[in-house]
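After the structure tokens below, expect a handful of questions from me.
When the chains are written out, they are named A, B and C in that same order, and each has its own residue count from 1.
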Amino acid sequence: MTRRPYIRPVRRYSWWLSQPRYVRYMLREVSAVFIGSYTLMLIVGLLRLSQGPAAYESFLNAVQSTAGVTLSLISFIFALYHSVTWFGVTPKAMPLRMGGKAVPPAIIVGAHWLVWAIASLLILLWVGV
Amino acid sequence: MASSNKPVVWALFAAGGTLAAFVLPAIIFSLTLGVGLGWIPLESLSYERTVAGLQSPFAKLAVIAVVVLILWHAAHRLRITAHDLGVYADGLVMLICYGIAALGSIAAFIVLLGL
Amino acid sequence: MRQAFRQLEVLRYDPDTDSAPHFQTYEVPCQDDWVVLDAINYVKENLDRTLSYRWSCHMAVCGSCGLVVNGESVLACHAFLRDYPEKIRVEPLGNFPIERDLVVMIDDFVEKLRTVKPYIVSKKERAIEFGETLQSPEKLAAYKQYADCINCLLCYSACPQYGLNDNFVGPAALALAHRYNLDSRDVGRSARADVVASNPGIWECSFVGACSEVCPKNVDPAASIQQMKIAITADYFMRLLMPWRKP
């Protein structure tokens, strides 16, 4: 018998469409697009701030426009999705053992959300809700 | 040792991801979403109040940390995603992703220094 | 015991006569409590003796019968027919070259496993007369889940990064490196770092997590890789900032 191993072709562009878990992975990765573009937008805001009240005013108007609100909403949803997935994997990346037993993952994740809540409150207060 | 410089890259990515997870939703909500939806008064983000708020070294440091680390996190993740989506020109992708992150960081730094 | 016919669509490949693999369908009278392996065994015994595949224990401990069933990497002996529709598509493990029918070449994995030194590296060789090294249950618990790996390679089949780049050392080999790194009897962490901390080692992983989802033994290779990313990054910075420190 001859050995002639067959190497199956790789679906270079579409492998992630073949299973729901891969699609969810791609969604998580794509959150970086919105996180990155939002941060760049904040930098634009800083630039407008440095250019004086008039420039900053037009920036604020753009933020309040329909397009601006839509972008903020989408970025917000993706930022939350990032938080959910990021906190969700911390028990795997940093497993804790106390008293000879593994700390339940839910506690580790819960502790992160608690800190998130406190940080969010402080930010809201600082910005001046 | 056949190790790489990946630890530096990854440490920045992890720091940025952690920071983004903790502060970004609140930042988005308080800075643009809340204002856009009318839940946060526009006066909170007025020119005078914003400039005053960014005067302290602590505020400048916080903004720089957020900007640099989160930009780096997004840049690195997008570099990986480019590979996942079949774009294998890693050198070019690195230049674009990290380049934009670097430019954004420098711009923020310059602005904050001048405020 | 109820019996019902199911259609098994099996990927065939004969290196002597085929230029490429193709599907062949079999009508199999299946019992309610069967697993996919039972159906395949029926085909082999009654319908087509030429079908080639690997299996052994039929109880999910030997790791031989890894396959892709209806798109998901599973152990054939662990995939119950009651969880599948009437039509079942059976293919070999993904991301490995097909030797024949459902048999894949796993040489790449075996070689990679060898390079991570999957054995205790001791500080001092002890002669057997000195007896065993004692280890407390707490110390065992630190690495036990990673020792449960049965080398079934479902993780490699599910890992898209291994699919896109077969230089990647891969989930199981890295999980086993971690198992030995965490073992209190072992001092081989820096010796393993050559492979583990290299670019095709842990850094090729983008934490898709499919490996841990398909693992039949709950080894959680994804967790082991993330833990090593943190450990190796910490090592890197400590060496940078405190070069006098012993590794």
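The working rule: a contact is a pair of C-beta atoms (placed from the backbone, for glycine too) under 8 Å apart; a residue touches a chain by one contact, two chains touch by 3 or more.
Here the structure is a predicted model, which means the values were calculated and not measured.
S.K.: Would you mind naming the chains that touch subunit A and likewise touch subunit C?
M.R.: Correct list: B.
S.K.: On a CA-centroid basis, which chain has its centre farthest from subunit B's?
M.R.: Most distant chain from subunit B: C.
S.K.: Quick one: report the Å distance separating subunit A from subunit C, using the average Cα coordinate of each chain.
M.R.: Result: the chain centres lie 30 Å from each other.
S.K.: Would you kindly tell me how far, in whole Å, the mean C-alpha position of subunit B lies from that of subunit A?
M.R.: Computed from C-alpha means, the inter-chain centre distance equals 12 Å.
S.K.: How many angstrom between the C-alpha centroids of subunit C and subunit B?
M.R.: 38
S.K.: Mind pulling the residue numbers of subunit B that touch at least two other chains?
M.R.: Subunit B, residues with two or more chain partners: 80, 84.
S.K.: Out of subunit A, which residues touch more than one other chain, so two or more?
M.R.: Residues 12, 16, 29 of subunit A touch two or more partner chains.
S.K.: Could you check subunit C for residues that touch two or more other chains and list them?
M.R.: If we look for residues of subunit C contacting two or more partner chains, we find 160, 164, 206, 229-230.
S.K.: Which residues of subunit C touch subunit B in the complex?
M.R.: Counting only subunit C, the residues touching subunit B are 160, 164, 193-195, 197-199, 203, 206, 229-230, 232-233, 235-237.
S.K.: Residues of subunit C touching subunit A in their complex?
M.R.: Touching subunit A: residues 13, 15-16, 20-21, 71-72, 94, 97-99, 105, 137-138, 141-142, 160, 163-164, 206-210, 212-213, 220, 222-223, 226-227, 229-230 of subunit C.
S.K.: With touch defined as at the start, can you tell me which subunit A residues reach subunit C in the complex?
M.R.: 1-8, 10, 12, 15-16, 18-19, 21-22, 25, 29, 89, 92-95, 97, 100, 102
S.K.: Taking the touch rule as given, give the residues of subunit A at its contact with subunit B in the complex, in rising order.
M.R.: 12-13, 16, 26, 29-30, 32-33, 35-36, 38-43, 45-47, 49-50, 53, 56-57, 60, 63-65, 68-69, 72-73, 75-76, 79-80, 82-83, 86-87, 112, 115-116, 119-121, 123-124, 126-129
S.K.: In their shared complex, at which residues does subunit B touch subunit C?
M.R.: 1-4, 6-8, 10-11, 14, 80, 83-84
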